[in-house]
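In this document, chain identifiers A, B, C and D correspond to the written order of the chains, with residue numbering beginning at 1 in each.
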């Protein structure tokens, strides 16, 4: 069943560190993908209740990345507090397409699409997202995209 | 003038190292973006004749990333020789959209679109790609995309 | 003047993420150095009141690493909460030798020595630690090492 | 048997890339540890004939880091060709202490000690270095240190 009310957004802040920045003094873009991936990891652990170590070791499932892309509007600088907002753009049978937006204050910095697909780590084959997980995921699905 | 013959492809190999791989034993996707960015850096230095340290320090220009995305077809493993093939999908007035494909042997692993835009590092404003650089870049433009 | 009472320890927790871990499923050692460096950055910003962006841009000073080393007692795993405890082993005229210990619960994971030296970023020469900073640093100096 | 003649040095070059450098325009020290570890990986594969994927998967042995440290003499910059020279400082029953020096031209940049210990990945216990490997390693042992 599709969500009937306003979908949830999962928000995490990242302080821009010295090690994130390049010789131009701005965040090296590759580090944004690491941050996006980290927010997805936090979301699985905190919003869905499935920490990665449990997902991989106990349940033997993984979510390899199928497709990812990011548009960068403005650079981020050392000391910025980057707010990363995760929602689900599209929830498929075995795949999730996340939409992650990054802001510093009111300034939009980036917008990413990040698609993962559920895989059984023993058979290395795609599998449907189990119902116990799907139910919790539905809260984060944007209505226009179901 | 558009290229009249077969466009060039700039190819570099990357050996997949231990440090590229994640607990699933495959390359952590973020490292692919670092490799793609490194091939672009090699291309500027070796094909266009503009090493990054000269570009940034002497000529005071930079190529910040506007937009990047990658589709992952199959995982890469420790010890693989990943061949990265760079061509230009679209060459704009101040922007370049690279197309980078990754293969291990005959197996296609990834396909990326990576768009950068030329910026004057003193004014922090977009600028047209200088003619001396543009001329060399044209050899790498795929005909269908000019 | 040497500190007369129990020195302070600056403690920060790091959750071990998927991206920190290697194909053996444990933290790739290089990431520990990044975490250690990040705790030093946090300490400058939060304990000494000198965030890195202010240090570098406004005051034009930097603290390049002179020497660093780490002993690893036991591996860290995905999902671990690593507690990093920073103290000053030795405070010189222009240098600071940090001692950073890492634990997960009661289990000691690592012990690092990390020495930085203050440099004027305009002259690129060593300089004495300014008194306003030194005063705050003294609280973190282990008595045996002054 | 101890080596009787001049010990071998295993040398690999690393071009300093944009992604290695920090906002001060010099190599972020953490990346040196990644390079050192990479040279050790190259040495196992090319000098000892035991590539990491074979070591881990076929022979089920690993070489976790026990202890590592590095002294930094001078910074490295974008575009530098860093030459990394690996020798063995001390070869123990189950451990190897590498000595890695880094130069750019005649200028010494860094000197590292990097100690690893052989582990059986199935039992997670230390094990003696097998004779077929030890024989090849002896060529790289500095005479004063045996």
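Simple rule for what comes next: a residue touches a chain if its C-beta (ideal position, glycine included) is under 8 Å from a C-beta of that chain, and two chains touch if they have at least 3 such contacts.
Keep in mind it's a predicted model, so treat the numbers as computed, not measured.
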Fill in the blank from the handout: Hopping only between chains that touch, the fewest steps from chain B to chain D number 1
Handout entry: Partner chains that chain C and chain D have in common
Key = A, B
Completion exercise
Cα centroid separation, chain A vs chain D, in Å, comes to 36
Practice task
Would you mind pulling out the distance in Å between where the CA atoms of chain A average out and where those of chain C do?
Solution key: 30
Exercise for the section: Round to the nearest whole Å and give the separation of the Cα centres of chain A and chain B. Expected result: 25
Exercise for the section: Find every residue in chain B that makes contact with two or more other chains and list them. Expected result: 18-19, 23, 30, 34, 37, 56, 78
Exercise for the section: Under the touch definition given earlier, write down the residues of chain B that touch chain A in their complex. Expected result: 23-24, 26, 29-30, 33-34, 37, 56, 62, 64-72, 75, 113, 121
Problem - Residues of chain C that touch chain B when the two form their complex - result: 18-19, 21-23, 25, 28, 30, 78
Problem - Of chain B, residues touching chain D in the complex - result: 17-19, 34, 37-38, 41, 51-54, 56, 77-79
